[in-house]
Amino acid sequence: MELHLCTWQEVETYLTKSDAIIIPIGSTEQHGPTGLIGTDAICAEKIALGVGEKTDAIVAPTMNVGMALHHTAFPGSISLRPTTLIVYVQDYLTSLAKAGFRKFFFINGHGGNIATLKAAFSQTYDHLDSLNLPNHEQVKCKIANWFMCREVYQLAKTLYGNQEGSHATPSEVAVTQFAYPSAIKTAPLNPDVSTGHPIYGAKNFRNCYPDGRMGSNPALATPEHGQQFYELAVEELSESYGEFIQ
Amino acid sequence: MELHLCTWQEVETYLTKSDAIIIPIGSTEQHGPTGLIGTDAICAEKIALGVGEKTDAIVAPTMNVGMALHHTAFPGSISLRPTTLIVYVQDYLTSLAKAGFRKFFFINGHGGNIATLKAAFSQTYDHLDSLNLPNHEQVKCKIANWFMCREVYQLAKTLYGNQEGSHATPSEVAVTQFAYPSAIKTAPLNPDVSTGHPIYGAKNFRNCYPDGRMGSNPALATPEHGQQFYELAVEELSESYGEFIQ
Amino acid sequence: MELHLCTWQEVETYLTKSDAIIIPIGSTEQHGPTGLIGTDAICAEKIALGVGEKTDAIVAPTMNVGMALHHTAFPGSISLRPTTLIVYVQDYLTSLAKAGFRKFFFINGHGGNIATLKAAFSQTYDHLDSLNLPNHEQVKCKIANWFMCREVYQLAKTLYGNQEGSHATPSEVAVTQFAYPSAIKTAPLNPDVSTGHPIYGAKNFRNCYPDGRMGSNPALATPEHGQQFYELAVEELSESYGEFIQ
Amino acid sequence: MELHLCTWQEVETYLTKSDAIIIPIGSTEQHGPTGLIGTDAICAEKIALGVGEKTDAIVAPTMNVGMALHHTAFPGSISLRPTTLIVYVQDYLTSLAKAGFRKFFFINGHGGNIATLKAAFSQTYDHLDSLNLPNHEQVKCKIANWFMCREVYQLAKTLYGNQEGSHATPSEVAVTQFAYPSAIKTAPLNPDVSTGHPIYGAKNFRNCYPDGRMGSNPALATPEHGQQFYELAVEELSESYGEFIQ
Amino acid sequence: MELHLCTWQEVETYLTKSDAIIIPIGSTEQHGPTGLIGTDAICAEKIALGVGEKTDAIVAPTMNVGMALHHTAFPGSISLRPTTLIVYVQDYLTSLAKAGFRKFFFINGHGGNIATLKAAFSQTYDHLDSLNLPNHEQVKCKIANWFMCREVYQLAKTLYGNQEGSHATPSEVAVTQFAYPSAIKTAPLNPDVSTGHPIYGAKNFRNCYPDGRMGSNPALATPEHGQQFYELAVEELSESYGEFIQ
Amino acid sequence: MELHLCTWQEVETYLTKSDAIIIPIGSTEQHGPTGLIGTDAICAEKIALGVGEKTDAIVAPTMNVGMALHHTAFPGSISLRPTTLIVYVQDYLTSLAKAGFRKFFFINGHGGNIATLKAAFSQTYDHLDSLNLPNHEQVKCKIANWFMCREVYQLAKTLYGNQEGSHATPSEVAVTQFAYPSAIKTAPLNPDVSTGHPIYGAKNFRNCYPDGRMGSNPALATPEHGQQFYELAVEELSESYGEFIQ
């Protein structure tokens, strides 16, 4: 049940049964020579729709641009500054909270969003308090990172070992291959991939990680793996959502 | 060619041939008892992809939440405040401009975005000037409203006369029916629909337009009409894009 | 009745009879070789005072600096960034709304203000809602562009044809000549004036429009024309104000 | 020489001889039962024009709304929040600095502006530094408060003793009477006027100073006094301007 | 009684007896060749603790970074921009006001903070009003500059005459020597110290005041003087606090 | 070596040998019935000074107020909103970066700061890039949480088992007892302490954790433990700093 495919009256009805909503958040950033720029948004949205279906929850429109400043030395990357993402999330949640939503379950596809998103939650609780919204103290936000699901993590380890890496990983590439089989890319991948550098600014990042990958070998990804990851993530996050809304 | 389905190296190659990009912008807001909340984003994205295909242009990720504060008294509507949308657009365009993009062609699905988007363009030109980006004086932004295309407007008039109205219109509903035939909604529509009130704040809007429609009869929409609108808009905006990038 | 020339007790009395106020907004920007930098503010203020007199309305202090970033490559131009103008308008209206004003009728002299001003209205409605001001849902803002009055437009067409142009127009110059006959300027004007370029950033604007005019021949202006424009605008905007406050 | 009455080419010429400009700043706020709401702007503007004439300096458009939050419990008062006034001043000065102006001489009519204006100067120096404007280290801002001119202060003391008070003073009322003899107001004034309370928030202010005056007896003002104050202020500030631009 | 050394339950108890709190504010900025970078914070904190002890008042954590943009051309100086300091103070006071504090007595060690701090007070009164906090109209803020205490000023004059200067003064250096006898610094001091230049931006400041001192001879300072200044300031500010909280 | 106890010339000299600086960041927030409100700042500062001594590094002034919005329903807690903390950190680091510092090692005492601080780092890298500061791509920021040091964690486990909890922990209380033996507090502690609730807004937090502790038994703390934690943290963070600055 996508919010975008509902009418407002369907939302009104939904709110009589539930005050929870799922919000996919991804990013628009380089994912190495073969990874799609939309990888993080694609994975988050795909999995969120699966969770929404399984749990009968409304899925809000995907936040497809996130906090990816460190990737912006690669063409095609788009990032918000943290303060922008915070006010964006605040406005987004305030609109929903005024309508009666109280529980916001973010399904996140990008590690770089986590810090700013948590900051945004704190800011939003405070903002809703200052608006004197009824029952605003019931507002709850949660980030669920699909790539950190226990079973997902295990499978990635099993399939790829330390070639999973930490950016442009075969697991996330696999999910995009499952979601968009017609957009599977190939390119020569230097087997000697960079790894282990901490992340600072954009130019520094590109110096450290010249082709954008962080220790990963995305050539190992297959659409079949993608489906497995998808199913595991949907399963685990559906449970997690269920606990969250109680 | 969707930016989300490209690799960064494909974008790098694209930039050797073109410095232009198409950006769909919609909104997440009530569209009357039968219109989808995502109508404006769905239409903008669908048409933008058509234009991108026809003109070999990259299409950036859809801005699916816009300036819809006046709709926020209806559940399911989500809006940014204008200052938020301005910094959002500024960050978004700055990322692309740093990579070498210079021409930003927005395909817009929501009248309520126009003012703020124009303000954002002014702010962005000034911001890029202050960054001393090379050739920043070549940066150009343009809003193309698909619903204001000459042929689209004519067809809407022919098909619906004054039942086209100005919000939750049969023409936009038709395009969503074409895009998502499985999400066609029906509901009783009061034939005595409100019309002619100026737009002020959210509560005032809902008082004036109790079911969300502004003078429209979306029951007239069909997916076939939607396809016609789609084709006319793609045709006209492709030309418009062609002129813009010269 | 200028707010600046009232006491607070006179305002208190006024508020027992009316909750409406007229706010002139102009700009401080180049107007070609012979146009005054204050043209837009001068016209807006002059006409607003005329409307105020005719309708017994209070006229607030003129916003004499507006959104003119695209003119700032010409010396003497002063502009706010859109986000600044938005918070400026928000603060300005919030002060008045707290005192009981509910209807804000802007008389505008500068096309470049329109987008940002509309964005500011949306932001202000939302802000007043968040303040829980009593009856804030009755707050209404309206922009009336004197230069778009039907009769004004007709007269400009009759007097100047396509030499009216769209910036540093003879009609606006004429109104300033009527308002400040001692400040009528002359300078050689290239008959081959630029026209038809879309507006982007400041440097681009000056490249396209080297002397600041956009397709206009301000040498046609006379103070007598100015008076005619003034009278037509006052007439039409007084009616418009009357309808607005009902 | 008012900036508003110049053409951009006249400004260009002026900049070959001087990089200094005078900026009047006032406020829009209650001035007791007989003082005009525009008192501070009227005085600042009137005196600034006198100084401009005497020193051949350009006078920029008056900032007619300032920092007057503590007066906003009286109807008709309009105030910016300090952060708004700071970005307003920053944008205003940045436009002028880009054109080549380097010395900004503010003639101020409102004590409540001083703190925020000084803060704005600091912020602007830093901002212009971050823009890498050529010779930005030569940018200088100065506030000259006409009401603190030595001779003005002496005359007020001589004429009014301690009935001068500190808000809605006979001296500032006198200057407005000189400037707008047709707008001289009378009203019963309680001889037992409040005095000596520190200034906190708006409601507190109105509790302490119920009719808006702070220890003053504006009934002593005459237009003739106003002219004397005007002349003394113009004399002293012209000298002060002369020293500033060296 | 330092807030940092209390438990929240001790604060709760305190609030049953008093709604006042002392807040030391200093700066982190160069103080000439022998003055400590923390001078302003050290003095403010030391004296605030003395006042707190004498008056049984809670002392909040020191704001150790202030508005010192003009000192930032000297290494080690740290400054907030005015808009940052304003929101910092607003957040800080809002937290305390929500808990029941109403009277905020700032003990300030840096002249450069005064303007921005006063602006922050105005902004905070307005903000608390917009939050509808109970009895927010009782919120009062006051700046007490220890270096402007009457007796302090007299003693500095007696001890140092015009070698007191106005930055990196022997009096403030003496207080730091008293507070941190182990951190007394010596360095050659040019007897021909700069004086009398107005303060503009950072580069200009360093050009005018090459070693950071403004007309002062800090070599005259002794820890014994420091103790005297400390005691005079504590005495006078304790009285001042007593009057403030009545 | 505390920045506050240096002269600017000592900093200048330091910069010829090192471009790194240690910045303690804590919080001002309730720490249960016996924990000091300044706990997080006290621990961070104490340990930072130890690390500074051991590594010959300059220690900047402590950020003693952090992101603690969820604690603000307890009196005495003070918090910045995340957007405020971000601009605060940005301004703070920008000042230091302009002087030549490039490596910023934060020693953090509060888990609630981590997200916002990481967001602030991203924003600052981007900001310094936009300033075109020389070698800005060498700017590096790192958060080191003393309470997450391996040995610290082990010792806490050994000494307290699961009575360590996650807020108002005996380990942090112990460090404050070591730092301020005269400020050791006792109070009855309910043995049935709350635990396991996720953190949302301030009112919700206080409902879940009525006395402020999260699963901890701070009565187990002793000053001797505090010294042990202190020494382990200094040891480990000194190494960590050494690796960071290479």
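All chains are identified by letter, namely A, B, C, D, E and F, in their written order; residue positions are counted from 1 within each chain.
Following the convention adopted for this analysis, a residue touches a chain if its C-beta (ideal position, glycine included) is under 8 Å from a C-beta of that chain, and two chains touch if they have at least 3 such contacts.
No experiment lies behind these values; they were computed from the predicted model shown.
At the far end from chain C, in terms of centres built from Cα atoms, lies F.
Distance from the centre of chain B peaks at E, each centre being the average of the chain's Cα atoms. Matching A-F against the pairs in C-D, D-E or E-F identifies D-E as its interface repeat (over half of contact pairs the same by residue number). Looking at E-F and B-C side by side, the one with more C-beta contacts is E-F. Taking each chain's centre as the mean of its C-alpha atoms, chain D lies 46 Å from chain F. Mean C-alpha position of chain A lies 53 Å from that of chain D. Across the assembly, chain E contributes 81, 83, 87, 132 as residues in contact with two or more other chains. Chain contact summary for the complex, chain A toward chain B: residues 2-12, 15, 28, 30-38, 41-42, 60-62, 64-65, 72, 74-81, 83-84, 87-88, 91-92, 95-96, 98-100, 180, 183, 185, 187, 212. Those residues of chain F that touch chain A in the complex are listed here as 67, 69-70, 81-83, 86-87, 112, 114-123, 125-126, 128-129, 136-142, 198, 200-204, 207.
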